[in-house]
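Presented sequentially are two complexes of subunit A, the first with subunit B as partner and the second with subunit C.
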Partner chain A sequence: MFNEVIRLKWFGPSIVIFLVLFILPSFIPRFYTYILALIYVTSLLAMSLNLVVGHGGMFQFHHGVFYGVGAYTVALMLTKTSLPMWTGFIAGPIVAAIIGFIIGWFCVRLTRLYFGMLQISLGSLIWAIVLRWYSFTGGDDGIHGVPIAPFLSSLNSSYYFILIVLVICLIVMYLILKSPFGNTLQAIRDNPQRCEAIGINVRRHQLIAIVIATFFGGLAGVLFVVLERSVFTDMLFWVLSLEIFIMCLLGGWFTFVGPIFGAAIIVALRTFVSIFTEYWTLILGVILILIIFFLPEGVMGYFQEIFKPRTKETVKEGTK
Partner chain B sequence: MDFSAFSSQFLVGLSRAMILFVVCAGLSFVLGVLRVPNIAHGSLYMIGAFATFTLSKLIGGSAGFWIALILAPLLVALISLIAERALFCHLYQREHLMLLLFTFALMLIIGDLVKIVWGAEYRSVSAPPLLKGTVSLFGASLPRYNLFLIIIGPLVAIALWLFTNKTKIGKISRAAAVDREMVGVLGINVSWVFAVAFVIGCYLAGVGGALITPTVSITLGMDHSLIIEAFLIVIIGGLGNMWGALVGSLIFGVTQSLGVLIWPQFTIVFPYVAVVVVLLLRPKGLLKAVW
Partner chain C sequence: MLQVETVVKSFDDFKAVNGASLSVGKGEIVAVIGPNGAGKTTLFNVITGLLRRDSGKIIFKGEDIGGLPPYEICKKGIARSFQIVNIFPRLTVFRNVQVAVLSQQRRSNTLFRPASSMVLNETNNILESVGFLDKAHSIAGSLSHGDQKILEIAIALGNEPELLILDEPTAGMSPEETSATMELVKRLAQMRGLTILFCEHDMDIVFSVAQSIMVMHQGRTLVQGKPEEVRNNPFVQEAYLGVE
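Showing the complex of A and B:
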C-alpha cells in the first residue's frame, strides 16, 4: 500500500520531467543538448556504480574500467570488423559484464579496502594493456571517428537514443533494487555477518551485483561512443573511477536518484567552470570540501532529510 | 640476456624501490594510525619535488641541493600540518568514505595550486657534484646517485623503526593504531597523536619527492602515477606495516625494471601482475597488517 503511494507520488513528476527533457533539444542551443546528453551518459555510469557502492556496500574503486571496456569493445568492433552496429551495442555491455565477472570473482573474496585495492590493481592491469597495445587499441591516441549508422549520427538523434536507453535502464535498475535480490543486497550491505548466518550466500549475491553493475557500466560506455564517436585510455584510468565514486557520494549514495544529481553537478561544473578558468579542479575540490562539511548525506540525502518530517506527518494523518 | 644488463636493471629497480619505500612508509604510517587512505599523499610528494627544484635553484651552488633536500620536506610537513589542523581534524568522527573523499578533494586542490605556483613546464634538478658520475658494481655501471638512494632507503627504514619503537610518541601512535579508544581513555589527546602521525607521514612523502628529483623530470601528474603504485605497495605489504611497505616496494620496483628486459612494450603491466599474484595468494598482504 505504502509502496504504491510512493510510486504514484513519483510517477507523475517523472513523466513530466521525461517529457520536458524529450522536447528540450528543440528549444536550446546544440551545445546544451550535448552537455545534457553527456550528463545522461555519466548519470547511467554513476547509477550503475551506485548499485554496488550505495546499495551493495562494496568499495568498487575501479568502475571506470568497465565503462572503458564497453566503449572500447564497441569502438573496436565498428572500426575493425564489418558487423552491424547493433551487435557492437550488445557486445559492449556483455564484454564489460564478463570482465566484471572475472574481476569480481577475485574481488568478492576480500572486503572493504582490500576489495577496492585488488580491484584497482586488476583494473590498472587492463588499463596498462590497453595503453600499451598500440597495434590493437591505438594506445594513448585512442580510437577516433567510430562509424555510427546515419540514423544516430546527428546530435539530436543520439540525444534521444541516449535518453531512452537511460530511462529504460533506470526502470530496470529500480525493479532490480525493489526485487527480493535487491533487498537481500541491501541487507548484505547493512550486516554481512547476519546475512551469512541466516543462510544467504553473500559472495554470490555480491558477484551478481557486480556483474549487473558492470553490464550497465559497459552500456554507459557504448552510449559514450554514440555521443562522442571516440574512445581514449583515460576512460580506464583510476582518476575517472574515483570521480564516478564521488558523484555517488556527492549526490547521496543511499538514495536511488542521487548519483544522477552528482553526475549532473560534476559534468556541469567541469563544463562551465572550465570556460572561466583552467583551474576547475581547484573549484571542484573546494566545493567537495564544503559538501563534506555541510551536506554529509549528499545533495539528495539533504533533500530527503528536509522532506522526511513532512511525509511522516501526512502518513500519520492518513492513518487517523 | 647478459648478466651486466640484468644487474644494471636490478640495481636501477632497487634504487627506484627505495624512493617508493620512503613514500609508502609514510602512506602506510598514516593508514595504520588514522586508518585513512590518504589520496593527497602523492600530491604532497609532488610539492616536495617542486619545492626541491625551487629551493636548490634559489640557494644555488653545490650545497643548494643538500639544503633543499632538508628544507623541502619540512615545507611539505608544514602544509600538511595546516591542512590537518584547519580541516581534517574535524572529520575524524565521520563516515570513513568521507575522509577518503576529503583527501581526494585535497589532491584536486593541491594539483591546481602546484599548477598556479610552478606552471605546467617540465623541470629538472641535477644531482650534486658529489654524486655525479657512475660507479661500477657487479659488472654494471650505476649512476652514483642511484647508489646513494640504495643506501638512504635502509637508513630511513632504521630511523622510522627507531621512532616507532623507541620514542614515546612513536609508541603512542602504534597503540592508537591498534585501539584508539583505549589510548583516549588513558588520558592521551588522540587528536594530537593523529596530527603528529599525519605530519610525519606527509613529511616522508616530501622526502620521497625531494629524493626523486635528480632522476626524473618534475612535472604535473607525477602525483597521479605515484599514488596508485603507493597504495598497491601498502596493500601487498600489509596495511600499516612499515616492513611490509619495504617488501612491497622491492617487489614493485624490481618487477618494473626487470620487466624492461623481458617485454619492453608491456613494462608497466608487470608490477600490476605481481600485485595481483600476491593478493590472490595472500589477500591481506605479505606481512601482518596492523588492523
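Showing the complex of A and C:
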C-alpha cells in the first residue's frame, strides 16, 4: 500500500523538503517558526477542504465550521474535564466528522450552489450556537490557556508535532485519492449523472467524502489548539471558510498539493502585508484577479502545465 | 427479458411518453424508431431510472424495476450509453472504464488500495474489444466526437450488463464511423452475449441490424414486430416512413 507513495517521482525531493523543514527551527527566529507552523495547520485545513471541493466537486462553502468544532472540542475537553490530552486529540476530529455527517446528510440531497447555500446556513447555525452559548463555550471571549502537556508546550516541539501530523495526513489523503474511492469521487465530480448510470450511489459516496474531509478539518483545528492554546468563534465564521476556499482556488484545486501553496500565500500575505496596512485584503484581491486572469488553474496547476512536456509518462497507470 | 407495459411519463401537461410498450427478449437486438420528439430518449430515461414513470410497469427479469434509482437499476444488469456524450472528460480513457468496472465489482468504496493496480485485466479487455488500447492514456475530453461515443459504450460495458441500452449510438458520426460503430455493436453483442436495445435515426442501419423494431409516435407505441412487418405496416408508413 505504501509502495504507491514510495514509487512516486517526487518522493526523493519531498524527503529533502521535509528534512529541511525539520531542521529549520534551529536556524530561524521564533516568529518565523510560528508562522511556518501556522501555515502547516492552515495547509491541512485547505487540503481537507480540497478533498470535497477540488476532487469531489462539491461547494463546501462553510468548511471552517469543522475546523472550529475540532478546536472547540479539544479545548473544552482539556479545560472542563481531566481526561488525558490525547483523548481530546482523538475526539476533536471525530466530533467534527459527526457534525460533518449530520450537515452533509442534508446537503448531499442538493447540488452545486444549492448545496453550498444550505451548507452555509447549517454551518452558521453551529457558529451561532457556539457564539451564544456563553456558559459553555465562552461566547465571543473564546477559550484561552488550554493546558497542553509540557512535552508539546514549547514552540519548537509543537512545530515538530504539527509537521509530522501534517505529513502523515498528506500521505493518507494521497492514498485515499489514488484509491478506487478517490477515483470514483473524481468521476462523480466530472459527471454525477453518468456515475448513477454505472451503478454508483452518488449521494452516499459524497457523504463519505464529506465525513473524511471534515475529519481532517477537525484535526487541523486540534493542531491549531496545540499551536495557539486558545480558540475563538472567528474560527467558525463564514469569512474564514471563504478564505480557505480561496486558498484552494489560488493554489490549484485540481492538483494535490495546490492548497498548500494557497495556504502559504494567504497566511504570508496576512502576516507580512498587514504589518504595513490593515487593508491586506486589498492586496489579496489584486493577486486573486491576476491569478484568475493568468493562472486559471491556480499556482500549482500552472506549474504542472509547465512541467508537462517533460513528464508525459505521468499518466502511466494500468500499463503493467 | 425486459417488458415495458403502457408506461406514461409527462412533464407538466406534456405527455412525452404516453402508453409505450416494449418487449425485449434475451439475446435480441431491438430498435426503437420514431420521429424527433416521439419520446424515445424519455422512454430510455424512464427504463434506466433517470426519470420516474408516472404509471405503467417496467419488468426486468420478472421484477418491477420502475421507481428504483438509476444505480440500483444498473446493478440489476442494465447499462446504457447516452445520446449526448456523457463521459468523464478530465479522466483518462482507462479510468473512465475502470470506474465502471470498480463499481460493477462493488469496490468503489475501497479506501486504502491504489486503484492503479486494480481490475487492470477487466478494463484492458474492454478497451481491447472496442479497439481503444492505444488510446488508454489519453484524456477522455480530448478524443474526437466519434471516439467519445464509443467510449460511452465502453463505459457501459464496464458494468457487465445483460441488457445494453444505446441511445442513438451514432448521433453526430460520419457515415464511415456510423457503419464501423454498428459493426462494433453487433460484434460486442455476439462476443458478450448481450441483449441490446437502441434507438437510431438511420433507417438503413435499423433495418439491417435490428431483429425487432418498435415504432413510437407522439409518445405511443404504434407497433412492435420484425423488420418486415414494420416496413409493411400501413400506420408506420403513414406516420413515419412516408408513403411514396
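Definition applied: the second predicted complex is superposed on the first by the 304 of 320 C-alpha atoms of A that agree within 3 Å, B and C clash if a C-alpha of one lies under 4 Å from a C-alpha of the other, contacts with A are read in each partner's own complex, and residues count from 1 in each chain.
What we mean here is this: a contact is a pair of C-beta atoms (placed from the backbone, for glycine too) under 8 Å apart; a residue touches a chain by one contact, two chains touch by 3 or more.
Given the structure is predicted, the values throughout are model-derived calculations rather than measurements.
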Practice task
Considering only touches as defined above, state whether A:249 meets subunit B (first), subunit C (second), both or neither.
Solution key: first
Of the partners subunit B and subunit C, which touch A:197 in the superposed model: first, second, both, neither? second
- For A:17, decide between first (touching subunit B), second (touching subunit C), both and neither. neither
Of the partners subunit B and subunit C, which touch A:28 in the superposed model: first, second, both, neither?
neither
| said: On the A-aligned overlay, A:149 touches which partner chain: subunit B = first, subunit C = second, or both, or neither? | reply: neither
Pick one for A:106: touches subunit B only (first), subunit C only (second), both, or neither.
-> first
If you stack the two complexes on chain A, which partner ends up touching A:178: first (subunit B), second (subunit C), both, or neither?
second
So, A:164: does it touch subunit B (first), subunit C (second), both, or neither? neither
On subunit A, the footprints of subunit B and subunit C overlap at residues none
Note: in the complex, subunit B contacts subunit A through residues 37, 39, 87, 90-91, 94-95, 97-98, 101-102, 104-109, 111-113, 115-116, 224, 228, 231-232, 235, 239, 265-266, 268-269, 272-273, 275-276, 279-280, 283-284
Within their complex, subunit C touches subunit A through residues 48-50, 69-71, 74-75, 79-80, 82, 86-92, 94-96, 98-100, 102-104, 107-118, 120, 123-124, 136-137, 155-156, 158-159
Counting only contacts in the complex, subunit A reaches subunit C at residues 1, 4, 175-176, 178-184, 186-187, 189-191, 193-202, 205, 208, 254, 315-320
In the complex, the residues of subunit A that touch subunit B are 106, 109-110, 113-114, 117-118, 120-122, 124-125, 128-129, 131-132, 237-239, 242, 246, 249, 278-279, 281-282, 284-286, 288-289, 292-293, 296
